[in-house]
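These are the structures in question, set out in turn.
The same chain A turns up in both complexes below, where it pairs with chain B and then with chain C.
Showing the complex of A and B:
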């Protein structure tokens, strides 16, 4: 707390009195004094703020803002400062667990490179201005005089009441230009699931499956709900233990935990799925009645020989995998995603993989309907790269006069080949809502400083839904660090007041709006509680459970056409920009804890690297630590090599997230950005960016001291010591079976 | 000590704690880590940074091995216990992950070598480090077979917590400065706090009422923390189930197929961290 800056009433309001969750006791006697502003004033706690007990941490429930999966959190607050974030056991998404990105959200909040004041472009550079000036400028550009239909929003994933207000803003402007963009997205998988299962996002019952075949999907890492899948994984591993088979061209976090890790030639995952389908139908007598005639005909041409030739897998591996799936039948679960769907035929690969569930009879068993979310207007608008392309088209046509950018950094994440930078430059007035000066923010005409996720009000609905539905509450857990930052909801309210004073003028701030929104919920929803009690219970638990609306899967007979592998002699390798839990798409590169957390596969820190097979490394005459130039049609990057066997010899994998040119002291100038050299290839069905399809040439270059790879640990081998001991599953099932 | 002396008395070497000595522990904090469930995701490690004021040292210091990760995830590519895989080409059984934190040895090799008794054994069975007694001889870290002690070669305060990052620092424990050895404490501040609460409420500690930051954060619940002396605690039951006992250099298991083991147990360090073997299909 900033001493005399605190207004006690507003403090109470912000804290949501009654929202105290679990209280843990601290030491008996307070041992510390305030550290803020460099002062150590012993008197301060002679008269502490009301509701602050010196030395005692209080836990407030809120929602994690780090990725769209919407985990519930408990934030520990002591002497007015938030110190630690933990998972909220009441949240159906994570049930108490929390990933490294969530743990590190305090370092986003306290980041020394936060933007503290609104900034406006003046004479070529951004100059700090007051909110009054900023709002006056917005009144000119988006007020009654402006052409509302030419105002657009470019955002990451938005849900809950923020989405309601954002839609309200679009309505008030008379525009439908809301482009939702995420690089790491499941758009192709969603489209395929819609076609095959009749549901964009069915629920996978991994916990009760006997075998999970994951085709490229990094369920436990960079997926749509890593905490949900991790929890299910723990149950899946109890005796009788499920078998995890991971098929991918470069090893992911999930691949590291696989029982069978099978390398596949990049882009031929669909061929494997077709080959497995063929074996299941022809050899194992599985029922193909759920398939269309054209699909059955297509499948029959994928013999084991064809699969082996295309995928470069071993025939025995393919056959034993088919046998395993046939044995477990409907208890199998096939999931697909990630790198496997990042090709021009990514949709077809996804469909082919999902058809395995149809053949195995697991639809309705391990693949279930998650039910509908009853408040459609609150559900998450999941981002996709398609959203980015729609934006560039619109901007190129001159249809956008003003753009608001929120929750995304497209100048960094969009490949150069997409021409995003040029399209963005064509927009006359760019407003960026951001906490940090990232690559997009520095190009803005107006920068609105956002409060951190731990300082603002909000409601959220998880992008990935399970059968347990909920609205997750986000509440400020401490006073704002910088008085002139605003929560996203408050900015939206300001913008709405410019266009629609009649409806929104009555709300002093977003908090008032939310309270009134909750008061306006139907009475049966509140379970008999009065408005105040209902609101306070919501704050206290952090989640409001919602009854799912009934929905069923309906399998459709979809045609599928899997392409064969295309060689390109001039660019023999396939570049994958791998997504990792950690830096994600680059938005956490400014968090020192995450920069210093060794990567799960390479164990490298503070930099970039390219993963390649030792055979490939030999061919190129390089070893781990040497530098290579990875060159696509659209540019090149120079990175150190990490050679390990968990990569197909035709694949090159460079994790995304590094290579920032802006974004504060911890991110700037660290590593390279593989996204920048990707080709502008698209999935033929959905138009999504084909993230894994870029062909590259790789050659050795001279060592670069500054960008050299630093890794934790020297030994890749246990050297015979019993560090990680292993046993076989049959022994485990015998001794620990129920 | 002559060689002859060593050979004659080998069976007695560092066995004192098995036969007597101080056993009147108030608690015996221990962990169980199930490698069948660990996915190597780093959540525990980052949670530890947040809880324990661990310094971020940056790339240059990291390269020199001066990092401060009290809990690290080791990753290996081989499985010495299983028959070689069918393929030399690919790691067909995935990777092997091992979360490594101070093993809180009861016969700790780090303790007897400290010239100033800055590292000592607490009545809770913890291997504690008294920061303001430490003179930085680094003998302890030299003697630790697990390499789990981290020395502050530099003062990282300015670079690791530029304002306002310092506001995140946990006031329940210190920030260590140059010249001091540090290591995992099993979140001693949480233990302290829970004990104080229990005492104030005039009751015994209840198993599960608090946990270490790593165990709390684990998305797959692979880590279990508790008091091994409380036979009803979850962790004691897991140790019991897997037939691992303290005070032994070699476990005599009724059922040798039970998965519990302690890393480098044969060195007679008597660690309080039990791992459960990783499981693979074949």
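Showing the complex of A and C:
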């Protein structure tokens, strides 16, 4: 020991003061990173609007353009720039909610890969041209003398006045070839609902149901109106708390939220529905008078033994599920869709499931008529894969000379086995209206650059209607970022002027057309307001309420025939291209926010993966993170494995959306596209693409370290640490009171 | 000699007395004319920022000092928003369609106005993107909700962070605007000390 020794206490004191000194010195160090002094230009207003205060946001009402559900939005604009999107509480679709895809629409708008000028194919490549040149080219192909020429539109879901103009354009050309295509669609369910309930889109009153059995339907995720169902789900979960049971072959977002999640062998969901029907009729004495004799006979053969053998579920699970439905009776709601309907017998599965509502007496109670939309010409022309097949047939027959593509990227989403690429190549002149250079756009002869959804005018009618009907207004929330882009409505108007100058020449732009169209609405519809007030009110609220036309459900005695499970030893697994709220069908793969949002099931970011059961992974000798080759009759993809118990051991699920070969810097080269290797199998009744029915073989492959899967959170369990405490519902009810 | 020196002494004393009276008067007067902002401890710290060339050499002195125009006449958003705002060109032209129209600087301004372009001013005072600073709250604390403070003297509050801009032509950064500078002022004036008040 010498005189310089300091004790622990003094040491800490000195360190404390020293530390404070360092911290204070740090606070006085001018930052070198983000200051823009002397560099950034601060542009003042030339002559500001009186209500504009720099630094304060102004909120404009508009309509989300990210998916066909048509949610109302409020966009916060500051200094002429849109910064934030929220849900519009006045919209009956989302009532103030907004999903991640809607929130991320600003990144679609500000995306650095936007197309800024029209482009025309010249010498094999696309070169930038002026709008005058682009319109002159369109005048040659669709103008005077083009009557008889075979013009077609291939679009996503289109509604509102854009649909009116699109129909007008086809009318002016004397054709009706409008093919509406969406990969993620409810076409099979709509057809089944039409047959069973007499209404293709009844309203499910989830909020007032005591138990919801969802057979494969991802209501809260990739459904036809995720925000509407999410809001209903919140009400459904409020006291008295409803019970959600999900049965599917690979877990969806809705499945992850369920009280009970039951795995079912892929493609045997219909068998389960029939088995439940049998138990309800024979064991629980439910009323079968709404069923046809043939259906009743078919149902009686589905004993618990048959169901267990086919679906590989536990007998006790099937029986308790039937018991639960029987107990809640007419307060039950059975919904079906998603992965369950993606088979050649998908329609039959949907019908069998819907018959459960008939047996339980819930039609008219939890399944109600949503009423009709009174303006048929404005209602959404919902897309389906049927639209794609019709286009392919038509193009193969040489019936299409000019095609306009809008709001869809079929070259990416159509499976190779459908032969879409060849059919598309057969069309002599392809005009693509797009914001981005996607796989379809690069094949175009003429590319028309579109304004973003936050820069254009429009009106929209939600594809999925609730009982509260409305027309949703879309208005530009800021100046266009690129002067030479045009709104979809403006392009349609340009095309119509080429055909019909007399009727449409008077409109300077689509805005003028919309104002005039609103002025022409019936007077009683405007509630006594003059045209200007009515229009201003519509803009500020974002929605115009419309009275639903009367419609009732009428249950028909439909026959149903559920196929039994067919094994295929050479390709033992079923591949599902699962749809996710996020990248959707791939159209949001160029949005970094959505790429970096961890997946709801695998927690993976920026990539693809295949979900498989740990038993299957064991059998294949792989674990989470290893790569496998998933091989169908039509090709193969190599993906990392995510092993978890939310998949049936016979199922493989690869989310769709990744694997872009074009589509900008954020999407290109990330992950793989499961749609590309799907078989061209169709639902026998509706002709819809059977997304879950492809048989595949899976084998382990080696991989490069830099390709490895990136996941948030490495552990699936709490390892007994009770980080999230849980309590059984009956214990909770007993001790906390219900 | 004694008498002389006595007289001299008296004279010195007299001069001293007069001088001290005068000095006191000056001090009293100056303290009336230049009273400090009430209920405020101005932040301490100096900084010599680089001269930022502007498209027009805007003379703050002519406007704020010689003509005594209130800072908030032009920087009208300071009391309403997080940013003080560069005045819209229309505001400049409100006066300069008639005032000093023969001056070169005004001719340049008129040129911008006629081309429908605001002058591309360069930013002089900036805080990093991760700092949330609001003019509105600071003006409320030191001016509008500050008892005994006259809004005509707002420039003294502006000077806390911007220095004596009324003595400058184009604005120059004369205060460090670092976290330590902010933090000490918050401590002295009872401002919030939560991290998230500024970093949010």
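Note that in this section the second predicted complex is superposed on the first by the 674 of 738 C-alpha atoms of A that agree within 3 Å, B and C clash if a C-alpha of one lies under 4 Å from a C-alpha of the other, contacts with A are read in each partner's own complex, and residues count from 1 in each chain.
FYI, contacts are C-beta pairs under 8 Å (C-beta built on N, C-alpha and C of every residue); 3 or more make two chains touch, one makes a residue touch a chain.
Here the structure is a predicted model, which is why all the values come from computation and not from measurement.
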Exercise. Scan A:53 for contacts with chain B and chain C and give back first, second, both or neither.
Key: second
Exercise. Pick one for A:426: touches chain B only (first), chain C only (second), both, or neither.
Key: neither
Self-check item: Of chain B and chain C, the chain that contacts the larger number of chain A residues
Solution: B
Quiz prompt | Which of chain B and chain C A:606 touches, first, second, both or neither | solution = first
Practice problem: Tell me which partner A:483 touches in the superposition: chain B (first), chain C (second), both or neither. | Solution: neither
Quiz item: Now for A:103: first (chain B), second (chain C), both, or neither, which partner does it touch?
Solution: first
Practice problem: Identify the partner contact of A:283: answer first if only chain B is touched, second if only chain C is, both if each is, neither if none is. | Solution: neither
Quiz item: Looking at chain A, which of its residues have contacts with both chain B and chain C?
Solution: 24, 26-28, 31, 35-36
Self-check item: chain C contact footprint on chain A (complex, rising order)
Solution: 24, 26-31, 33-48, 53-56
Quiz item: Which bits of chain A are touching chain B when the two form their complex?
Solution: 24-28, 31-32, 35-36, 78-79, 81-87, 94, 96-100, 103-104, 106-107, 109-112, 220-221, 226-227, 230-231, 233-234, 237, 241, 243, 246, 251, 253-263, 314, 316, 481, 581-582, 592-598, 600-601, 603, 605-607, 615, 644-646, 665, 710, 712-713, 715-718, 720-729, 731-732, 734-736
Quiz item: Which residues, counting only chain B, touch chain A once they are in their complex?
Solution: 35-37, 39-43, 45-47, 49-51, 56-59, 62-63, 67, 69, 72-82, 86-87, 89-98, 160, 162-172, 192-194, 196-197, 200, 210, 213, 216-222, 255, 257-259, 261, 263-264, 275, 277-282
Quiz prompt | In the complex with chain A, residue positions of chain C that touch it | solution = 45, 49-50, 52, 77, 80-83, 85-90, 113, 116-130, 134, 173, 176, 178-181, 183
